[in-house]
Amino acid sequence: MNIADYKGVWVFAEQRDGELQKVALELLGKGKDLAGKLGVELTAVLLGSDMDNAAKELVAYGADKVIYADSPLLRHYTTDAYAKVICELINDRKPEVFLIGATYIGRDLGPRIAARLRTGLTADCTGLDVDMESKNLLMTRPAFGGNLMATIECADHRPQMSTVRPGVFEKLGKDDSRTADIDKFKADVSSSDVKIKIDQVIKVAKNVMDIGEADVIVSGGRGLGSQEGFKVLKELADLLGGTIAGSRATVDNGWIDKAYQVGQTGKTVRPKMYIACGISGAIQHLAGMQDSDFIVAINKDESAAIMKVADLALVGDYRKIVPEMVSQIKAMK
Amino acid sequence: MDFTLTREQQFVKQMVDEFTENEVKPIAAEIDETERFPQETVDKMAKYGMLGIPFPVKYGGAGGDTLSYILAVEEVSKACATTGVILSGHTSLCASLLEQFGTEEQKQKYLVPLAKGEKLGAFGLTEPNAGTDASGQQSQAILDGDHYVLNGQKIFITNGGVADTFIVFAMTDRSKGTHGISAFILEKGTPGFSIGKRENKMGIRASSTTELIFEDCIIPKENLVGKEGRGFPIAMKTLDGGRIGIAAQALGIAEGALDEAIEYMKERKQFGRPLFKFQGLGWTVADLDTEIEAARFLVYKAAVNKDRGVNYTVDAARAKLIAANVAMEVTTKVVQIFGGYGYTKDYPVERMMRDAKITEIYEGTSEVQKMVISGKLFR
Amino acid sequence: MNIVVCLKQVPDTNEVKIDPKKGTLIREGVPSIINPDDKNALEEALVIKEKEGGKVTVISMGPPQAEVALREALAMGADDAILITDRAFAGADTCATGYALSGALKKLDYDIIFAGRQAIDGDTAQVGPEIAEFLHIPQVTYVEEVEVKDKNTLKVKKALEDGYETVTVKTPVLLTAIKELNKPRYMHMKNIFKIFKQDIKVWHADDIDVDKSLLGLSGSPTRVRRTATKEARGKGEIVNKPYKEAVTYALSKLKEKHLI
């Protein structure tokens, strides 16, 4: 392998049901930055059927070029078809970097391709940068359950592959006036290439989450004032993909079901983020949540016990702060 | 002298620790509050072979050693003393008696289902007028052809309301006094055998502790264990093993309580610092920790000596005496460390203190253990 | 059904703490456990064996102490265990690890290879699919349910972000298990007293079907350039601003930490 032969930053443009996934656009955003530093082209790789509009959208979001492999067999993702088409493209056109969204599809596809090409793949990167001396990609990611941040390099193999979670990078603004080369071709894939038969695809609404499993918990205490307070918290919880929970006082008052109780006589939780609203921080409650990775407390009383335990303590009325958080987060999207 | 556990014992400890965390601990407070016998836990323990740990594989057991079984009782008792005594009463008092004294037919018929956990066992010795003075048996079993007719009553029987297989003791020859007591296997549902009142207790409240009532109850002759008149030594020998089980339960209670205290002392702050920074409290915990370790090795020694085949009666007595003592002391001091919070049911320590008391009383009071020990010393 | 379960012994990362003074990971006293997703894979393998008959073999690549994890798998009910261990494997990234394991798997008969989706120390979810590629067999990842239709055919429910798909696949196939698949059993007492009398096969680099230059650190396309512990939980920050500013500030902090 001659490393110098490999040029260009490629982004896998994941589509599901004919719709481009947001992570693909975010990777174009970051890809542009990397391509700029490397002085190379940014290419989006799209597999599917009837995806001409999506191809144009990829240009609008920053791709300098789109490779669009078209085939009815690519309409719906299968490991075998996608790996075959992409590996053939990579062997043919030799990109130096290939970015994939760390989605269910991406984490199924990425390692299959990396193994076939015998190249390095770094998963769930939270940071991507270019070492300006070596022109190698520097990939930063969490390990050890998030306790460690590692910076990884793939110096002697190409392409350098990374998967990146949705929401880590930002997409560029859409510019419909942009034009770029869309290389559409009939993909060389037949049904005998695909070793799995998809019988059914079912969409399921998210179940009520067990608070013990949630990554994000928005919790309310006596300071909510009434059961209505939980409506405000639920909006934030839903937005963050988490669940609501309550202190003992709220359960005793009948504002929320015991299944949502956090504390000594309730459940012990260790989410990535615990947002405590109107909770004073009695020791029985702390026992149930103090090992959360990151604690945000919202309370009118600056001296409440919870404010000393929180990583970020906001002094104020949750009735103002939480809706404001909801509207500012929505604006970010 | 190698104090490390064998690999098997380490795995037993690990398994029971995980089992306790997931299956026993979450319901411990509720079953104590409602006095509900945890049948689902017993079913799960049966499924994993926990009800037959020290019995040979050919009798449906796991083929393990006594110390492994004792480690299991200790681990579950850290979270729930009730679960500990259910396991201990079944294994040490009922099943173990059959293993030691039963005929091959009795073992096949009764020990195998007990060891497999298909049936639960109980041991019926205590009567209203025969507690510490166990020889004062009033229940009577009269031989009549091919069966005995049993009349009388037992009280305070662990697993009484739920067991399938009972070992009961009764007088077969009053003229012979202690040498006139015999042991019998009695199955639940035998006509004339009924369960009486269930005790409302200070601690181990979810344990089914009941009266047994015998009214012209017919016991087949084959259900006599050992010879007629040998019941008392059979009971005493069995209680030696049972004492190690209760000692393990007491040890577990003490450890569970101290673990709670240590966690609490890291979190609870007064006068601007966590409790563990107060020297008086740190020293208290150091003392309790040391006493637990001392009790631990007397318990383990009794278990090891039982398997070695040497006389372990005094070892068992020492183990129970010290472990029960330590359980009371540790739980009482731990509630004190928790202060007001420890007195409420928000925290498990008040339950642990209530649970600890019985370990000084049943399967031979601490006073009985002292009699056993001084009896040997002054022989 | 011949099932081989790939298993990794990992430190219990929930128990790992960071030394606030040195900024390093405190690994002492952190128990080693079977990787949770791998336990789900093993559990499913045992369930399939109970229904369909067959054999469950567990295999692990690791240092000699990984043997304890294999023993635990045997105590849960696995029939056979293989440890592949060699200094030549040291420093392997996921590619070299998958390659080494595939070299061992080539020597075994299997209908299903079952792996956990990802390990809680590496957190990559890469080794399973890489093994499937090196063995040239199909893969189904994020497995929520498995049904054996006949000796050669499986019907598998595969999780998606917003639902699931059911797929039909012919054996041999590699499956990766997620925790929703099942609730793993505990060790059985009877097994605990049997399994230490059993031999665990130990294979070294010479015993497996590999090109040695593709093993270990030298066979790894990726290298770790540097590591840093995440900051130990320091003192918290109190924000006393008017609510709109407070929220803007707070959200920027949360974004920094990739919490939103």
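Read from first to last, the chains carry the letters A, B and C; within each, the first residue is number 1.
In this section, a residue touches a chain if its C-beta (ideal position, glycine included) is under 8 Å from a C-beta of that chain, and two chains touch if they have at least 3 such contacts.
Given the structure is predicted, the values throughout are model-derived calculations rather than measurements.
With centres computed from Cα atoms alone, the innermost chain of the structure is C.
Contact tally for A-C versus A-B: the pair with more C-beta pairs in contact is A-C.
The most distant chain from subunit B is A, comparing centres defined as mean Cα coordinates.
For the pair subunit B and subunit C, the distance between mean C-alpha positions equals 40 Å. Spacing of subunit A relative to subunit C, judged by their CA centroids, is 21 angstrom.
In this assembly, the C-alpha centroid of subunit A lies 53 Å from the C-alpha centroid of subunit B. Not a single residue position of subunit C touches two or more of the other chains.
On the side of subunit B, the complex with subunit A involves touching residues 29, 267-268, 341, 345-347. Chain contact summary for the complex, subunit C toward subunit A: residues 11, 13-14, 16, 18, 25, 93-95, 98-99, 120-130, 132-134, 138-142, 155, 159-170, 214, 220-230, 233, 236-240, 243-244, 246-248, 250-251, 253-255, 257-260.
Chain contact summary for the complex, subunit A toward subunit C: residues 79-80, 83, 103-104, 107-108, 110-112, 114-116, 118-124, 126, 138, 141-157, 167-168, 195-204, 216, 240, 270, 272-273, 294-296, 302, 307-317, 320-321, 324-325, 328-329, 332. Remark: subunit A residues 264-265, 283-284, 286-287, 290 touch subunit B in the complex.
Against subunit C, the residues of subunit B that register as touching in their complex are 7-8, 11-12, 14-15, 18-19, 48-50, 52-53, 57, 61-64, 68.
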